[in-house]
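Here it is: the structure, laid out below.
Going in written order, the chains are labelled A, B, C, D and E, and every chain counts its residues from 1.
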Amino acid sequence: MTMLELNNVEVTYSDVILALKGVSMTVRAGQCVALLGGNGAGKSTTLKAISGTLKSEDGTVSAGSIVLDGTPIQNMEASEVVKNGLIHVMEGRRVLRHLTSEQNLIVGGHMVPNSAELKKRLDHVYTLMPRLADLRNRTSGFMSGGEQQLLLIGRAMMASPKIIAIDEPSLGLAPMMIRDVYEVLKQLKSEGTTFFLVEQNSAAALSIADYAYVMENGRIVMDGPADKLADNEDIKEFYLGVTASGERKSYRDIKHYRRRKRWLG
Amino acid sequence: MVYFINDIITGALIGLLYSLVAMGFVVIYRASKVFNFAQGELVIIGGFIVWFTTMQAGLSLWLSIPLSLVLAGLVGYAIERIFLTKLIGESVFSMVMVTVGLLILLRGLVLLVFGPAVRPFPIIFPLKPLFLGDMLIPMNLLIGGIITIVAAVGLSWFFNRTRSGLRMTAVAEDHVVASSMGISVKGSIAVAWVLGAILSTIGAMIFLSGKSLTFLASDIGFAALPVALFAGLESIGGLILAGIIIGIAQSLTTNYLDPLIGGSLGSVVPYIIMLAILLIRPTGLFGWRTIERV
Amino acid sequence: MDPSGVFPTSYRSDRRLIRTRWQFLALVVFMALLLLAPYLVSSRIIAILNMMMISAVIAVGLQICTGYAGQINLGQAAFMGVGAYTASILASKTGLTFLLTIPLAGLSAALFGFLFGLTAARIKGFYLALTTIAAQFLFHFAVLNLPSTWLGGSNGITVPPAELFGQRFVSESSQFYLNFAVTAIMVAGAFGIVRSRFGRAFVAVRDDDVAAGIMGINVAATKANAFLIGAFYAGVGGALWAYLIRFVGVDQFTLFHSIFFVAMIIVGGMGSIVGALIGVFIIRIIQEIIATVGPNIADSVSFLGGDIVFAGMNVVLGGVIALFMILEPKGLMHRWNILKSSYRIWPFPY
Amino acid sequence: MTTNNGHVSSPLAVRGATLKFGGVTALDDVSISVADDELLAIIGPNGAGKTSLLNVTAGFYRPQKGRVELSGQDVTGLRVDQIARRGLARTFQGTHLFAGQTVVENIMIGRHMLMKSNVVQAFFQFGPVMREESEHREAAEEIIDFLEIEAIRNRPVGTLGYGLRKRVDLGRALAQEPSILLMDEPMAGMNSEEKEDLARFILDVREARKIPVVLVEHDMGVVMDLADRIVVLDFGRVIAEGTPEEIQKDPAVIKAYLG
Amino acid sequence: MTYQSNRGLRGLLAAAALAAAATMPLKAQAEETYNLALLSDFSGPYADIMPILAGGREAVFTWWNETRGKELGVTLNYKNYETRYDAAQVASLWPGIKSELDPIAVVGLGGPDVAALSERLPEDKIPMFMATAAYGFAWQPDAWIFNPRPTYSHESVGFLNWMREQRGGDEPLKVAILASEASPAYVDMAKGLELYAEEHPEEIDLVEVIYTEVQPTDLTGQMRRVVRAGAEALVIQTNTSIVVAAKRGLQANGANIPIMMSSHNGLPASGGALGGLEQMEGDFEAYGMAIAADEDTPARQFYETLVADYGLEAPWNVVTAMGVSQGLYTVTVIDHAIEANGAEGLTGEMVREALFAKPITTEETHGFLPTLSFTPEAPFPLEGLKVNVGTVKDGKITIAATGVDVPQVEKW
């Protein structure tokens, strides 16, 4: 069953700058789909186009369609998109800084019909991430980066969405913390949550993803099952930082003006 | 001595009236991060609605007061729909600036619809003051003070404890984050303006009961401003304390210092206190501290 | 973005404001037309231009403080008042020439502005914006309550006309040249400031004061400086006002005037000197239209009642400002820049 | 260089810094010192106090105890900009660039504190100002050349991709002509290609400008390859210090961080 | 548009157009035409009274053109200019007024007109005639701006002396003032009275000077101080809102100290704002101009003439009286100037000289104003000053006294 589908999506900023140039992709229910690519490739723009938060940057979906579980959602208000079951965890760890950790979670569950259900979901978050339970009364602005990232995932869980679109969950996290975060994501995936994962840390992303797309310059340039991509030479070199022989080379040995992108021809 | 205490009590009650008007600022700020410069204009619009339903339409108070509050809410809603909805997603700065335009526009509208004449305002609270021995306490201010305290307690419970309140708080923290969580920024701001307009109308009733109404009454907005800043723009409960302190200071200045200097120090004293407190605590007594992550 | 074919060949030319021959020609024609205006148009238009130029000086100052340095300032009329009072007192009591009173008026306003700017070291955001309202009230209180021999109290101060080499600036056209000269210097100076290290520091503080600090920019001092410069402009404008009206009273500098200055830079666009000038032009033109057309409409449709016509005019004025915010929150300059860049990259939208 | 208390002064030294806020001890008696022309990496789990240490060093926070010295000069308690003027530059986690300004303008802001002209000169735009602008513009262009960002010189930074923004951030810090450079997670959010580029630039900076660098970074590959020395923080305390080889083998580090 | 059908509207428009067409050539036929610039505030703080005031003065000009003007062969043209009560607007309008209209006199309205033009009129040699009382700060010799009434302080002093006489006894009258710093004009009113009381302690004992806001929150406490000080009169020359607040404050204290008001915030206005004139029973208004009481006075008769024959629509009240007075003394001065200089070649300077040359008698102004003898020493007559006192008796405005002498007041 198709959960999310993008057909030939174009995004324009300020009516002038074309940022996405015909992007198509599919996310099936229960899958984790990763979107990889360099910085400025258009990954975040894609995510914002899906979640409806483009508007705040003067951007619009100028062509194509985005369908979420049968509902077209292109250019829909962000809050409506959430009501249709997609929640967007933004990059930059934007917690509600002046609220406590638990208040953040409660706001996340603001659409929950009754308090018993709210309690249930809170418990679910706390069993999955016991650390948040310990910190429930801490002002979230004073928590560490890793804790904030967990809080954001917990906050998304509170809405029990059909699909979580998550942007750079590993950004600025220590290796152990990245592992913790991905453990939580894996756990959620095994519970049946669909993920749309935008990630710079390709190794981590490919470890959980079923399928992946690679983006360059506002276009999809490559896609395939995650394990296949992980074996691709170019992916290895540009995203995983290993040479064809599978060994990592030292940053001290890097030379300039050496590379060119083969797939762009 | 009795008179001195009386001056303190009256001052505190006037301060609570400022708190109530300031609550309009804070509610709108608290739920949308927009500082509404046209708050004083909301007070006179509320006042004119009350005047219209009572003096013009001739309804009894029991009918006209709830009706006025409903109408005021509608006006607040309409303002939000016409002027602010389209700006959601723009910077908060733009939204604040639109309230500057609104200030001029609403003044014009009030003149257009109701004319510039001075109108008698209905007597909503008994004119006869409460006598406590030698002390006398104006009824409108007394009842107003009670309403203010009840409203403050209720609203701070609402914002800090209820889910709807937290939802609005989330909007004030960050519009984009809030909408990414499925919170309707539009809805939250609409509720804020409805609440703000209703509070302003209650403020107008207390302020103007038995007095007269012109667009000069919008000055109360700027009189209440120091109270809002003194308390901190996010704090509803803090308004009570801030209002009482500023009200007493103003009353004592007006009654004991002004006659000595032959001027009106009382009218600037709130601003001086506000400046002093802000230099010590830059976000007011109870405002959110800025949490900066570098 | 430059039009194609224009390539700067040195850093100095890259800094230039005027980059093409057409721009240069347009500016020359514009300035020449302005200079000849007293011979070309009626004295009523000259009077309007006088008022516009004075407002322009003040609005440009506000633009530097608010648009560039990001410090919302609702006390600009008070700063203007300080300048007007300084010039009036110096001119009427010491007989100093306007060549000195105008800069001194600027300096005294700058000092007053700087005092409020200093609070920026601690107070930030809306809190700071709203404390500038206090400037307005304190100014009003001080003028009325200080001994009337100092600031004239409720009496106001009468100002002798500006005079140079026996030539008294009393006619509209002579005042026009005085205002024109001062305004030209002030606007040119504003371009200088915003393109200098100070302008960059203002923008840095506005956009990100954390990063500005690490760049070695003293954030608090920069904010205070922004107020200082903004108030200096207001003070100079106030001095011009004093020489134009030749009578200053405290009720000429109210919060409402401050709000209108803010409205001017909103309409024109934040963070652009030209935007401030456009804003002044639009708001003043609307006010003049109200004053000119209003009585005629009121006369010809007297059954409507004059008050309704005029109340309607206020609605128009407020409505224009609100509409600008809604339709073009970044101001007219922004719309113009978008137009320009889309024209230059047409037909390819990227 | 020696200080008055006798020991050799380093470009940057933090001595016994302790920082607490809201009941949390972010730094607990932390001391580090950087040698001339050294690349010191600081690693540790999130919340270990790495960023706090940078903030104490740069003057954003004032430590409750301890001192910060730049080339032997005590700068504890000075304002951020005062410390910057004493030669400390810093790049940010995420970017704190001026998004609406072009690349050139951003780098020119970095030159601000090196420029001398006053407001009056700026107002009248006469002689010295113009000359100064041109001189500093030339210095800025050199940095642009060095970082290979000529093509985007006049683009607003907000329209640039993350990798380029990081490069502009570095350029802006270099424009300050610092005597020590702090970098807060420069590699975060980069793909390996961009990481390689930036690593190259960091090495070039050290080679060409001989500036000591303090690097806070999570990417172990980058840290192990570039650092001369590594300090490991956990719970606000230094738990290990040494060469990359030593650190990689340290059991305490493996337990707390590498896992 | 509830009171007129659409058709009626169109009819009116047509009628207006016809009327305009009809009057044009008529004006052109007159032998000599002079222009008057009328400054108005239809959109500022005085928008509420402006239509009535404007109606009053315009009716007088129409009346004059059709009576005296015809005899003298002179027509007075007038044009309203909107100042928004803003000095900047006046300043930008003035050069246009001068060049387009070349007026022989300006009919002014308020403070901004004075501020913007006080230094220009002497240069341009055009006098300005105001409607209101004067201010202490305008009390300069060699004026070009004139008031038919002395300062507000003169008016209150005159009233207070009358009140002291009414009361009898030798003790000074205990008086309180309610002023406001919202406008420098309000401060000026208080300062004049303060100085007089200081210099005449045997007449006036100023027990309280209270400053408040233009729309006070509550004056109960302040009024108690006034009551405790034993004040016998309360002077409020500021605005209606303050009168209402003070009245409520007095009522709360169970006191009934008579309030003295001026023309712009007088009995009808304040009574209206309180919700009924009967609440103002025993309060006073006092000013140097006819009281618009429901009594048969010469002024009232003239008003009726204007209503009947010259298209005046305004009701009989103090604002109309102000407009009519202003119109009347303006045309009388011009009349005098024509008498002295002939109908041709009249200038603003001649008009001003005519003002000093000959008193304007109370007959000439149909009893609206006392006989006015202007001198170059002040912008208002210093000799023979009189005030009229109105009061509310049995819920109706009645004249309590006419022609009350104003004592000598020193400049402050």
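As a working rule, contacts are C-beta pairs under 8 Å (C-beta built on N, C-alpha and C of every residue); 3 or more make two chains touch, one makes a residue touch a chain.
What you see is a predicted model, and the numbers here were worked out from it, not measured in a lab.
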item	value
Centroid-based (C-alpha) most distant chain relative to subunit D	E
Greatest separation from subunit A - chain, by CA centre	E
Distance between chain centroids, defined by C-alpha means - subunit B, subunit C (Å)	32
Separation of subunit A from subunit E, taking each centre as the mean of its C-alpha atoms, in whole Å	74
Separation of mean Cα positions, subunit E and subunit B [Å, integer]	37
Subunit A and subunit D: spacing of chain centres that average the CA atoms, whole Å	29
Where subunit C touches two or more other chains at once, by residue number	141, 144-145, 210, 307, 310-311, 313-314
Set of subunit B residues in contact with two or more other chains	90, 111, 115-116, 263-264, 267, 294
Of all residues in subunit D, the ones touching two or more other chains	58, 60, 92, 96
Subunit B residues touching subunit A - in the complex, by the definition given at the top	89-90, 163-164, 166-167, 169-170, 173-177, 179-187, 234, 288, 291, 293
Interfacial residue positions of subunit B with respect to subunit C in the complex	29, 35, 37, 83, 86-87, 90-91, 93-94, 96-98, 100-109, 111-112, 115-116, 222, 225, 229, 233, 261, 263-265, 267-268, 271-272, 274-275, 278-279, 282-284, 287, 290, 292, 294
Parts of subunit A lying in touch with subunit D, wherever the complex brings them together	17, 36-41, 91-92, 139, 142-147, 168, 171-177, 179, 200, 202, 237-241, 248, 250-252, 254, 256, 259
Partner subunit B, residues of subunit E touching it in the complex	43, 47-48, 180-181, 194, 208-215, 217-218, 220-222, 224-225, 239-241, 244-245, 248, 251-253, 269, 272-276
Subunit A-facing residues of subunit D, complex	21-22, 24, 43-48, 93-94, 159-164, 185, 188-196, 199-200, 203, 218, 220-222, 225-226, 257-259
